[in-house]
Structures are given as structure tokens and as C-alpha cells.
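Residue numbering begins at 1 within each chain, and the chains themselves are lettered A, B, C and D in the order written.
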Amino acid sequence: MPIDKRVATAADALRDVRDEATVFITGFGGAGFANVLLRALCEHGPKDLTLVVNSATHPASLTHELIAAGLVRKVIASSGRGRGAELSPFELLLRDGRIELECVPQGTFAERIRAGGAGIPAFFTPVGFGTDLARGKETRTIAGRDCVLEEAITGDLALVRADIADRYGNLAFRHAQMNFGPAMATAASLTVAEVREAHEAPIPPERVQVPGVFVDRVVAVGG
Amino acid sequence: MPQPLNRDQMAWRAAQDIADGMVVNLGIGIPVLASDHLPAGRDVFFQSENGVIGVGPAAAPDGIEPDLVDAGSRKVTLRPGGSIIDSAWSFAMIRGGHIDVTILGAFEVAANGDLANWDARVPDKGPLVGGAMDLAVGAKATWVIMEHTTRDGRPRLLEACTLPLTAVRCVQRVYTDLAVIDVTADGFIARELLAGMSLEALRARTGAAITPAPGCRPLVAPALGHGG
Amino acid sequence: MPQPLNRDQMAWRAAQDIADGMVVNLGIGIPVLASDHLPAGRDVFFQSENGVIGVGPAAAPDGIEPDLVDAGSRKVTLRPGGSIIDSAWSFAMIRGGHIDVTILGAFEVAANGDLANWDARVPDKGPLVGGAMDLAVGAKATWVIMEHTTRDGRPRLLEACTLPLTAVRCVQRVYTDLAVIDVTADGFIARELLAGMSLEALRARTGAAITPAPGCRPLVAPALGHGG
Amino acid sequence: MPIDKRVATAADALRDVRDEATVFITGFGGAGFANVLLRALCEHGPKDLTLVVNSATHPASLTHELIAAGLVRKVIASSGRGRGAELSPFELLLRDGRIELECVPQGTFAERIRAGGAGIPAFFTPVGFGTDLARGKETRTIAGRDCVLEEAITGDLALVRADIADRYGNLAFRHAQMNFGPAMATAASLTVAEVREAHEAPIPPERVQVPGVFVDRVVAVGG
């Protein structure tokens, strides 16, 4: 049967997401937010989610809707700070102990996700050594560098924003939309991409930035 | 007391030390201003940790490409020869020593090069570490641009940082509104001192021993920015 | 004793178990022949560890693209929807569990699933491990195609491997010229037995306990290859 | 001064390679061998080299010329086996103890190089556990998987074959020519690429497969 990973709606694509899922969400610097999928996930309403997302508070990402809706138990992120002096909904929940935050240096965050998808259970990195974010972590000096042991992150679902998909699930991004997309697509059991256009015809090989091997479902959302 | 440098002038001063052909990452805030003040003809690649290699000038209002942004969410352009990689590879580039220099903002720098620039301990505000730890550890050189003292006059150059560290022993050079300072095995060495300012005045504003370099020069900057 | 399966027939038999939509890596030798024997209409992506995702049929003599090769240095084509990634990412795909099944050649398989397929201890020949260890550990399922016994009649299915291991406890299924065997917590289970061959004859050629599955079926293959 | 990484000849590009250098060499499966650079390196003649190359014996790679010329002390590779029953020059040297071989599973080989370029000094991997190639290595069970600790490989020089370069050192590959190129380009202090064509005009961003940041010199060699 010919492979075709296109599904009609974001709701279809997320129909089997369960409570307590660990969910990767792409987007950084204002590009690549999977907001159509985030809205659909909100409506689907799974509880006690763990989000793996660069920022818990970026105003352009609908991540904050999931959080404000009380669906999130824990966030793994490099940022949990709201803009402005007032506390954001996330910060209020954090202050009240109603949500957990694991704050991770952004490169370690990316590398832990990449490791999760690459079958590398743990790695040593010099980043974070001697800081509060390495507290309690195993350390070792390797080739003269003081390092911290970091573990891979894997998850149940990745929500990825890309520009074009094809029926095989291949993805191509537009500019800085790429950011965490390739790594997150590899680290989740189920990877769903929202794209501007999903084509019947294959993306030319030299334009494929995430092979369809890593992508399970694609939804065309325009925009 | 002469007029301290303003933000643009500090960024200008740091930009003068960016050499031809360097790959440079600029932090949010004052550092990112350095790209506007490069000496003419200097060919440099600015890397942004979201994977943009060769960040060009900010996009003109009629030329905005919504998905071409830098790590600070600014709409930017791509310079000739630029390209875009994903975050995992971008931080591999950073951590792997392929960035010649990162210029970061900071709260505090210690005489041993320790850097504190991510957590000012504002009550109840969520933490934001971003890529600072990766950049401070990974770049071949870490420079800091910051005001010499806090708003209420306390020194930011210290024997030991009081705020949570970003990385240990990573800062090589600090550009403040009062001086250009190397961080060496012998502690802080002032290479340039605000024109008209005395060494005693600098020492009074510095929280650790600071020694003038042989041939310490006056720090002068052209009129720039709102302070110009 | 009925005629054992030839190489193409063994590859054919394994190919029948490749399901629609699978991502499959085929080892050099007999396994790579499986791509010629997929059931009609089955849509599969063959991954080659040099980074070719969607290896198509061998290139026609007048359509050879010198740089489009598979890990076995064959000049190949790319199927619709195919793409090419670098070696580090290709092995990330393999090790990270994104290959549904790898079909490998082997010297020996043990009843606990241990695999020996890379070092036959030929004196003075250099070692060649290639991607075998990565595939055996990383793929969701590892199947083996091999002759049931060595040329001089010694069993290759053993209590414990005698040759250096490729990976421990990794093989789920073995296709031989005599049988289709699952490797389970209870050891070798024969799912299919060469049509006309007795269980005793199979046991005589197997170096460990082997149990017929409930409903063990006759292994029959169409006439194929030089043995057809 | 405008960046221009193009140099006239392979000899120019390799003029400062020294004895005892660790040299990465791309190429796998018959594609991507940096043979013009290998020939030039042979003629330059540095001694006691360590080669990091997928195969010490692939007939289509001139790696064997460096080895036969006696310039190589050690090879790190996933293959050191010559084709055919007769021993290859490499195998003869290996048998006689005149060259050293570190045999590495190909994925671990790629990952160690990638780690070298990515500032990851060491990582745990399940590959090789329980085999002769893990003998003497530290092991650990992480998340239920038995793993081996592997260290990064860095080096002095990478010889990379690509299709197109530009003045900025950006590289684009043709098909499976890519293989170890991106990883090796990141792991060496000095990366030299031989390409079919080196252009004045930049490679379009979406076609760049190795950013020039990782490449120091490019030589157009045709072919």
C-alpha cells in the first residue's frame, strides 16, 4: 500500500495523544512554532503533560495556552521567564508549586534531544560545569575539561512546524523555522508536522531537511 | 569625572577588536549593537544560536521575511555566503569551539574569569538561561560588555561573583563604560581607561584588584547613539 | 533430504515478512537480494548506512550516477521520496531505533540471540566491522539470513557463539536454507521447516535445542536464482 | 578584507601539514574520496600520521598510497580488510606490527568524530557492548541499556571531497558524496575541501550542507 502520511486535520493527527505524554514543541526566536497543533492539542485536552520546549513563555508560541489550561505538569526548557515585570501565567504556577520546571542550557537542551533520537543515552559536556544547573550531576574531567554528565531526552510526541511536506513525510523548512525541528522529530515515538503545504509529489532529495523516516503524520495548515 | 561611554559607544569599542574573518556571536542587549559599529571593510560572520550563520542587518520594514529571525526574535537578513542550520548543529558549532568570539552582557565578572549573566535573582521571575552557558564555555574567546557598576553604584567586577554563575573561568576581556579590561592569570588588567579618569577613580568602582597594563591607553569613543 | 533453499530463495522468504511502510536496512551479501523479492505493491524504504534513504533498484548501465552508491559500493538509484543524509545522522537513525528491521548475514547465532557476523578469524586478514554492530543494536528488529550449517557441515545455530560477537541478544529471527526460526526467551523456535525435511534432520544440523512452533509450517519458495 | 578561502592548488592547501598529524579522510561506498588531496599529501610527505578514515583499504581511495608510502603510524577505521584472499599492503604492515589499527563500529566512528566537532568529550552508546571492540572500556547501564563509554576524536586536518564550494568555504555535496564530510569538517583544526568547482558567487543558503565556518581552504579540482 502506498505510503501517505498526510492527514486531514490537526485533530485527526493528535487523536491518540494520552495523558502524561512527553511532548516536544518546536520554535525559537519567533520562527517555527507549531501553533495549529498546539491549539488542537489544547482542545484534545490530555492531562499531566511534560513539555519539552525551548521557552515556556515565548509570546508567539501557544505553549502558554496549554500551560494556562492546566494541562501541564512539568516543562523542560531553557527559558521560563515571562517578558515584563508582571509574572506570566507560567511564572505564577511555578511560584505556587503547581508546575515543575527543569531549566537546561539551550545547547544542552538541543543535544539531549538529539541524543534521544540518536540512541545515545548520555554524554559528557563542559557546559554547565560549576553552575547551579549542574547541581547533583555527575562530573568528570576528560581531556583536561571539567564536564557534566547529561542524559538523553526522549518523548511520546513531537509537534513540528515546517514549510513543505510530501506524502512520505519528508520536511523542508523556511529559513530559521528549522531550529529544533530535526532533533525533536527524531526523539519522539510519534512525530506530527504542521506545514504550509503538503504535496503529493516528493520534495526533491536535496531540499529534504528531515527525512520522512522520522515523521509519522503531516497536516497542511497554510499560513 | 568624565562622561562614561554610552551603550553604543561600549559596543563600538568592542567591535573595533573583532578581526577580519572572525565568526562572532553577539548576545542580546548591548552586544548585538556591535554589528552596527564594525570598522569599514571588515568581513565577519555573525552567528546566531538559532542556527543563522551570517546574520545581516535588520530587515527593512518592506523586506521582512517572518521566518528569518535571530535568537533575539529580531527580523533579520542573511549576508552573502550565509546559511542556516538546525539548533543541534548550531550548538555543536558553539560548543565545539568554532565561534571565534562571543560577546555577552553580564551582571558580574570575577577576577578569575567567572561569569554571572543569567540569574539576577529577581523574586518569582522564571529562570532564563538560553544559550549563555553554551556560548561562554564553547566560544574560543568570551568578551563581556557591561556597565562598570550597578545602577546603585556597586561594582560588577569582583573577587568572586555573588550571583549564580554562567560558567567558570571563561571571560577574557570586559568592555565597560569606564575601561577595557583583560582578565588574566594575574587578575584584572586595565588596557584602556576612560579619557580623563584617574586610576584611583576606577579602583574605587572595581570590586577586586585592578592593575594598569604597561602602556595603558585612554579609552575614547566617537559620538554615537543617544549619548552622542 | 530435499533441496535446501538457494540464496535468492532465502532472500525471497525474508522479503515476504517485510511489512508495508517499513524502513529496512539490508546487509551486504544475501540480505541485499531481498529488495528484488518484495511482494508486489509493498511500499518500503531501504536505508543504506552511508546515508541513502530510499535506495532504489541498481542503476542501469546508461544511468549510472557515480556518487549515488550504497554502503556496498553498488551504483544505485533513489526511489521517489528518497533523500540523503550524512553518516553521523544516518547512524543516529540506525542507533536511535528508526530502522524497523535490519537483515544481516551471519556466521553464527546463539539461542539467546547473540550474533557473530563480523570476524571469522581468518589469519592475518584485517578486521572489518563496518556498520554491523550499530545495526544489530539499533534496529527495532534484527533478522539474519544465513546457511544453516558451514560448508563443512557444522551448525551455525549454537548454544553460544564461538566467534567474536557483533552484539548480544539482538537477533529475533533467522532465515536459513532449511528453516525459519524465531529466537525467543525459550531459545530457537522453528516456525517453518523445509518442505519434506524431518524435525530430526533439522535438529541434527542445529547446535542448540530447537522446538517446532505450534502450527509449524512447511518452508516452500518459488523457483528463483541459479537454483531455480 | 573580503573572505576568500579558495587556494590555487592542493599543494598550497596542504603546505603546512606536519609530521604526526591526525588526518580525517572522507569517503565511503565509492563516493566522496578526497583523492586529489590525498595524492598531494603523499607528495608533501609528512611522517607518522594517524589517519581517521572509514576504510584503510577501500580500493577507490588513495588512502592506501599514504599507507604504502610508509607515512602512517596508526589508522582509526571501521574496516582494515583488503578484498580478495591475498593480504593488502595495509594488512601486511598490520601483520608485521608496523602499523596500528583501532577498529571502531562505523556508527561509533561517525559519532566520535561528530562529538569531536561538537565539543562533547565522551558519550555512552549501547553499540559494541559485550564485544571485543569494547574490551577495556568503561561500561554502564543507563535506562536499562548496557552501554560503553566512547571518547570524541579530534584532529589536525580534514580532507573532504565535495561537489561545489564558494569563496566563503560553504560546501554542497553530490548524492552520497556527503557521508563523513560534515562531521569530519567540524572535528579538525584545519579543514581542506577538494571540490569539482569553487565559485565566486555564494552557494544558495538552502543548498549549503557544510557552512564555511567549518572550512578553511577549498581547492577546485574538477572531475
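By our rule, a residue touches a chain if its C-beta (ideal position, glycine included) is under 8 Å from a C-beta of that chain, and two chains touch if they have at least 3 such contacts.
As the structure is a computational prediction, the values presented were derived from the model and not from experiment.
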Pair joined by the larger number of C-beta contacts - A-B, B-D: A-B
Chain centre separation (chain A, chain B; CA means) in Å: 29
Approximate Å spacing (C-alpha centroids) for the pair chain A, chain D: 33
Interchain centroid distance [CA atoms averaged], chain B/chain C, Å: 56
Separation of mean Cα positions, chain D and chain B [Å, integer]: 35
Per-residue multi-chain contacts in chain C, two or more chains: 78, 84-85, 91-92, 94-95, 137-138
Residues of chain A whose C-beta touches two or more other chains: 111, 114, 118-120, 125-127
Chain-level touch network, classified as line, ring, star, complete or other: other
Which chain pairs touch, all of them: A-B, A-C, A-D, B-D, C-D
Chain B contact footprint on chain D (complex, rising order): 1-3, 114, 116-120, 166-168, 170, 186-187, 202-203, 205, 208, 211-214
Chain D residues within the chain A interface of the complex: 111, 115, 118-127, 142-143, 145, 147, 151-152, 206-207
Residue numbers on chain C that touch chain D, as the complex places them: 48-52, 65-73, 75, 78, 84-88, 90-92, 94-95, 119, 124-134, 137-138, 164-168
Residues on chain A engaged by chain B in the complex (per definition of touch): 28-32, 54, 56-58, 60, 78-82, 87-88, 90-91, 94-95, 101, 103-108, 110-111, 113-114, 125-133, 146, 163, 173-183, 209
Residues of chain C defined as touching chain A within the complex: 20-21, 23, 41-43, 45, 47, 53, 78, 80-85, 91-98, 137-138
